[in-house]
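Below: a set of structures, written as structure tokens.
Below are two complexes that have chain A in common, paired first with chain B and then with chain C.
Now for the complex of A and B:
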């Protein structure tokens, strides 16, 4: 059945279809609609899950850790400051290998206070060990939730979905709604090998001496390595069942492109519109949407960008004292494989609109600027 | 007519509060209390967390610090400890102070540090659109309790008294003179001073609880608040559903920054 719903509710419907059993959350703009609808669904029986109203995001993730360790499929949603407050527990979820799914609505970090979008909240969690998937549309958002649980439960690694504040979270689009009955074959009920069980006791979060800690870290990295193929396989299987396929990256008109714009989130849609316009003018340009950021899709990035003459990376984030974060990662992925110029552009921080005009400016700069002065080019900064 | 403008940052107007919200009434009562005590703008610092209450410092032209959710009290503790001569006023809400910042709330009260804390209690998370808070009454509806709240609420003033606050009062925005008086007493008190102020939220709370009309919420405050002297004369049955207002605790206890100074003098000599 098709419905016109907001991005936040696309998350809620994805969680309903995935038959999560425990949902724990704390309010924060612009996330709150996600869990408001889920609390309604829990109460009226649309989903057979328990809803816990906790006293902070730190507690929200702690409750998910507890629920997941007890063998339940657990979910929470948050944004910005809430994600930062959760940090300690995000590490806990990874270290204890619990397949929790979290939806983070990308919102700029304060001060100064901002409720509008940028990626610094989720990207400041890049080294924690959560799989990170950046969504572009409401349909993709809903569809990614059951995929996220499937991936998480096979790898015993938590998965974070990332959505742009307002541009996606509050935007209404038509979504083909998934029902639990049709998803159940794709995503069977969660049956963990190890859980808290009175009949067969296990321990989570014990002390590891220097003799063992490193091996446990190695195993997390190994699981991240396996995640690449698994995400592709899961996206393909989802496509076979539901007609909408998803991958690690989504290239657009890249085959003969001389210049490729690398982007993520909702900016990807606007980029494609600009590419179409420029193609009509005969300019050989394409785009590469990064759907998955962790694990980083090294092979795909090398293969697709390797044939271009120039790469421009669009970052709605900034690593102070470094560069744009996607830029750093793309550049390091290409090191040793190609010597084409890779240039970074910082734009749209704190929710500043990234319009087709802005993107056309970036594309023209990328093509015409023979010797960009720096890897960090700020777009639209008032000086 | 009292001139509020000398304390107001008009450049930040219009304010974000909804029609029928009581937060502006508290803002004006606070300004009158500050002015009445001849506290200069340079000597006053206002610290807030996150929520509708915590927007107050945005509109007041004194030293202000708008901090993270629940953490106004630790920020304020730092300010007061660094400069004990400043009048430090903390503006917080029921969610900010008793949920995400609950730990700081009891510890600041326990320490009895000389802060004046105005806790706007509107029984709901207003700014994010009406989620159940730790003071939402049992049975009432919220966006995260669409069929009624099953959790018992905190007695926020009682919590501060138990934790060790030296001055605790409860006021409401209908009885605005009393509200101003309670704020003034809290400002004068040397120690952790809490004024819990009941303030209506027609948008996020009232609409879900058959009180969408702001006047009804004001009438509720008028009809259900009972001053402490009168409260003593009521039978347990008559107290049912009513809220006690006025000074609930006023005791002399050692204040933290003074005790700290004494310790330094004792150990290091004068």
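Now for the complex of A and C:
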């Protein structure tokens, strides 16, 4: 059944189709609609889940950690300050190897207060050990939730979905709604072998001496390594069942492109429109949308960008004193494989519009600047 | 005091990592005798995160989830929900925290869980300071005490926080204090709590010889003196905070003796000890007055629906 719904509700429908059993959340703009609809679904029996209405995001993640450790499928959603408050428990979920799914609506961090989008909240969690998937449309958002649970439960690692505040969270699009009955074969009920169980008592997370800690960390990295193939396989299997396939990255008109714009989130759709326009003018340009940020798709990035003459990375985020975060990652992925120039552009922070005009400016700059002296360029800053 | 039948089964082993004379260890051992095998423990950062032993060993023959410092109550709420949703409605979920994890850093999550009346037993084993990190003051540390962050030249000037009133104010079905020196009382209260639905809060006086500067062989003696000097009353708050019953079946013992046995109070003058004793007496009288006052008022039904 097709419905016109907002991005936030696409998350809720994805959770409904995935039959999450414990949901715990705390309100924050612009995430709130996700859990409002879920609490309604719980109340009217559309979904058989227990909703724990906690007193903070830190507690929301702690409740998910407890529920998941007890063997139930757990979900939460948050934004910005909420994600930051959760940080400690995000680590706890990883160390405990719990397949929790979280939807983070990208919102700029205060102060000053801002409710509008940028990626600094989720990207400041890049080293925590969550798989991170950046969504571009409402359909993709809904479809990614059951995939996220499937990936998480196979890896025993948590997965974070990321979507732009307002540009996606509050935008209405037509979505082919998934029903639990049709998803169940793709995503069977969660039945973990190891869980809190009085019939098989174990102590989870107790003191690990230096003799053990490092191996446990190595195993997390191993799981992240496996995630690359698994995400592709899962996206393909989803495509076979539902007709919509997903991967690690999404290249667009890259085959003969001399310049490639690397982007993520909703900016990617605007980028494609600009590329079409420039292609009509005979300019050899393409784009690479990063759907998955962790694990970083090194191979795909090297393969697709390796044939270009110049790479421009668009960052809706900034690591102060260290450039844009996608820029750093792309550059490190290419190191030793190619010496083409990679230039970074910081734009759209705190929800500033990234219009086709802005993107055209970036593309022209990237093409025309023959010897870029700075590898970090701020776009549209009023001076 | 009502006699208790105390199980001879030991769910806690002897290979734990506690200090000599540890009150928290006795607290766990006795509580588990009342709770039995169908129990899951959630332990935040506290002495017990060490006492349990290091991977791959555990001193307790029950499922344990070690969690972050401030999250005992809410992690336990999550565990309960997770068990329920996979069909296990019978297992008792127990959050087992120290006073730092309860009075201080874990208070917000505990208040949230109690307000929602989560179906968990929350236990605070109270040794009146951050003992695991090396004896720093908590808001449970009593007035007058030395700790490594309240040196003798600037000892603790503020009174111990009244957690019992805070918990009772949440209208939860059961709030109690007990002591490792009264095993029958402790076991009876845990057995009673196990049969109640909703949030149950039990606080156990569990002396720490290391932190109190006390001869380790005196743990039980000092815990008993805490009750008989009225410093640490053993009480029960029932009917969603509407009724209090205070344990009074003891021969009072001198306050001075309790204080003088502990090195953490060694710096205090007789005058200062006298002031503290007056404070204890006033608190005790207020408690008895409250017990009497609440007994004369019919309990309110705080639950709707």
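Following the convention adopted for this analysis, the second predicted complex is superposed on the first by the 383 of 383 C-alpha atoms of A that agree within 3 Å, B and C clash if a C-alpha of one lies under 4 Å from a C-alpha of the other, contacts with A are read in each partner's own complex, and residues count from 1 in each chain.
Everything that follows uses one rule, which is that a residue touches a chain if its C-beta (ideal position, glycine included) is under 8 Å from a C-beta of that chain, and two chains touch if they have at least 3 such contacts.
Here the structure is a predicted model, which means the values were calculated and not measured.
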Fit or clash between chain C and chain B when superposed on chain A: fit
Which of chain B and chain C A:88 touches, first, second, both or neither: second
Chain B versus chain C as contact partner of A:209, first or second or both or neither: second
Which superposed partner A:100 touches (first chain B, second chain C, both, neither): neither
Partner chain(s) touched by A:27 [first = chain B, second = chain C, both, neither]: first
Partner chain(s) touched by A:362 [first = chain B, second = chain C, both, neither]: neither
Which superposed partner A:55 touches (first chain B, second chain C, both, neither): both
Contacts of A:198 with chain B and chain C, given as first, second, both or neither: second
Which of chain B and chain C A:10 touches, first, second, both or neither: neither
Closest approach of chain C to chain B (Cα atoms, Å): 5
On chain A, positions contacted by chain B and by chain C: 53, 55-56
Chain B residues within the chain A interface of the complex: 50, 66, 68-70, 95, 99-100, 102, 125, 127-129, 131-132, 134, 143-147, 151
Residue ranges of chain C touching chain A (in the complex, touch as defined): 37-40, 42, 49-50, 52-56, 58, 60-68, 70-71, 74-86, 88, 91, 108-109, 111-112, 115-116, 118
Chain B contact footprint on chain A (complex, rising order): 25-29, 32, 35-36, 39-40, 43-44, 51, 53, 55-57, 81, 85, 110-111, 113
Chain C-facing residues of chain A, complex: 21-22, 24, 48-50, 52-56, 58-59, 62-72, 74, 88-89, 92, 196-198, 200-209, 212
